[in-house]
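Each remark here refers to the structure printed beneath this line.
The chains carry the letters A, B and C, assigned in the order they are written, with residues numbered from 1 in each.
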Amino acid sequence: MTNISETPILDVQGLAKQFRLHAQDELVPSCSDVNMRAFPGQLAALTGPTGAGKSSVLKCIYRTYLPSEGSIHFRRADGEVVDLARISEQDMLHLRLSELGFVTQFLHCVPRRPADEVVAEPLILRGMALADALAQARELLRRLNVPERLWRLPPATFSGGEKQRVNLARGLIAKPRLLLLDEPTASLDKNTTGQVIELLREFKQAGVAMVAIFHDPELVTALADAEYRLAPPQSLSHSTPAPEALQS
Amino acid sequence: MKPILEVKGLTRIHGTECPSCLDMTGPEHDTNVCPACGSVVAAANVSFSLQPGEILGIMGESGSGKSTVVKTLYFDQAPSRGSAIFRDGDQNHELFNLNGAEQRWLRNHRFGMVYQNPNLGLNFGISAGGNIAERLLMNDLNHYGDIRRRAGELLTRTDVMVSRMDESPKQFSGGMQQRVQIAKALATRPPLLYLDEVTTGLDLSVQARILDLILEIQHELGTAMIVVTHDLGVIRLLASRTLVMKYGRVIESGLTDQILEDPQQAYTQQLVASTL
Amino acid sequence: MNPNYQLTDSQDSYGFGFLDEFAKREIRRVILKAISIPGYQTPYASREMPMGRGFGTGGLQLTLSMIGPEDTLKVIDQGSDDSVNAVNLRKFAELTCPDVSTTESTTEATLIQTRHRVPEIALREDQVLNLQVPYPDPLVIVEPSEAKRKIMHGEGDYARLLTKLYEDLVKFDEITISHRYPTRINGHYVIDPSPIPRYDVPKLHQSQALLLFGAGREKKIYAVPPYTNAEPLVFDDVPFRTENFYNADGKRRACNRCGSTNSFLDELNLEDGSKAWQCSDTDFCNRQLARTDAGEVTQ
């Protein structure tokens, strides 16, 4: 066996993202010249000051943002290397379903669905039977300390920490080959954060590659195998938080 | 997987078309009325594909041509030009080359349509159950008991009380009328469903239940859908990919989260910004 | 008015059968087309007749275009030879078709023109029945546009008609159509068989005689050729029913004139306020009566 670390699953080269805001007639840079790699079983942490475009990098990888420059090479399960910046929308949708996971800061899910179904959805979309998917979802919710009485309730009413745990569970349940984490523990208590660290370690052992943004430097120390420090993009001004305002 | 529907160059011009119709209309001219001949370009060179089980959103303001696209695909209107291939099992249908009988057959058997105005999709002169029965009868189900049973199942599935199936949908609330329309559209288990502004004009809570229902149906039956709406919330909830239309043109298309978070065109940015 | 104009009193001024030969030829060709496409409503140029539309001009044009001196004509209205409409039409035929004999006997007739009934006595191959039709298109109740109706007929699309029957069953637990029951001919076209009662619909099926339907006002001719399937539109699990004439005790009523229990009965209000039932087909009734008088056993 060769050292699997030698073949990256993700190889980002010269990535840049600018937003063209037509109404303001402005070009807002979000990140520039980002080079990074992620390896199976390892966690790459993105660090840097606010405005360095850490979240933008994750969103470019996931195609929520269209990259302006650069390449994002991804080695698929079948061994083929594709450029996530250029593959078709259909292929991207397929990869999202089968190989990519994204845990964002906020829970985006179909409203009015009970938490366990929200968590189980990625498995159901892959074709797993509802009962099996729900069983796995509940197991994961238990590990993340989500009280059992909440499982059948829609997460809309949950506290920030509870929502975040549901969000994590949903992102983790399908065991993606590449997991993108954007401040996954931002609103968690110490105890649950510990659980998450343990869970992510397990994922690493299982060979999952991760690219993560942590608000807490301790987590970087605890989990990261590599750290990529991003500098704010050189440009006109980076006082504009415009992209975030668009999304909310 | 091959797309269930492939649309290429779909164009629909109302009026006496002239050579400059396409050149002198569109977003860059800020009109869809040809200044040379006065024809209205409702849709111009619309192309897209749809995978089995996928929900595609078509977003735009009124007059953008989004409804024209589904109306031509459902044969409510004839296109001026363009092609659309519908793959049904191992059969490929070139929709606009079919004769009237073949088009009506597909419409009655393989497509479903839910209109914004229930008047268009339902016959208020007959009962809710009768509306569904009609579609079942078109599919050669000719057993009264079986028709009753199946209509009851469909209405139950769409949260319409079976006890009301023998009433005219005229007496129903707007939300219930839409659910009867959905039940009717699903009666033949079509692989392709068109939804034209189905939640427009309904109360928010009613909208929510209908959108939930549509998603459940997609999960359960794997029905491919084209959802036409001006409502970003509907797009966000239902569609995996989205086309943005203006003055009959597709000005932008992409994954729905990308369209909403990183819109490229000025018009789309304006649309997205204005809903927040 | 031109004072020099004189009305002709010469018989030769009118051709045999009132219609000019071009009109007859057109109608005969349309009849042939109608026979060739069983159940198809064939358009024709319905002529002005010396009586109002709605008085059987469609049936009359069929009759006049087919009749010859060797024919024997019977005209009935609701089963009766003596009602006003039947008498007038018969007189008109006698006036315009010299040498044609008329009859009240179903078996002697070669040509029968009828309104609202098919005779009780089964017709033979050498007989033709011309039915007078007020509304030829069964789809008119579900689709106002004739252009669309034509497409529906062409594609054999009768789902909406069946939906109407479905609605009947929902509301009344049975199909309430009493006459003009939509009937599918030769497995495709559904016809309005004219206002005959349900009781007569089975007589259309595999009939030995040619059945022609003429709608004068609506300008349509259609046919059920001999030995052709005629199936009333029904659901698989709701069989077609005909009038059964059972009384409150579940016993089949008999004609109070001839005693027959196997004919279509008319309900009569007697002067004392009571009700009576009598054969609607007078020729049939008379025959039964004659057989009873002759000592034969009634059925």
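Quick note on the criterion: a contact is a pair of C-beta atoms (placed from the backbone, for glycine too) under 8 Å apart; a residue touches a chain by one contact, two chains touch by 3 or more.
The shown structure was predicted, so the numbers you read here are calculated from the model rather than taken from an experiment.
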Geometric centre: closest chain by C-alpha means: B
Relative to chain A, largest Cα-centroid distance belongs to chain C
With chain centres defined as C-alpha means, what is the inter-centre distance between chain B and chain C in Å? 48
Rounded to the nearest Å, the gap between Cα centres of chain A and chain B is 33
Calculate how many whole Å lie between the centre of chain A and the centre of chain C, each centre taken as the average of the chain's C-alpha atoms. 79
Which residues of chain C touch chain B in the complex? 151, 154-155, 157, 159-160, 162-164, 166-167, 169-171, 235-238
Within the complex, chain B is touched by chain A residues 19-23, 59, 63-66, 89-90, 92-93, 110-112, 124, 243, 245-248
Complex interface listing, chain B residues touching chain A: 51, 54, 208, 212, 215, 219, 237, 240-241, 253-255, 257-258, 260-266, 269-270, 272-273, 276
In their shared complex, at which residues does chain B touch chain C? 100-101, 104, 126-127, 129-130, 133-135, 137-138, 142-147, 166
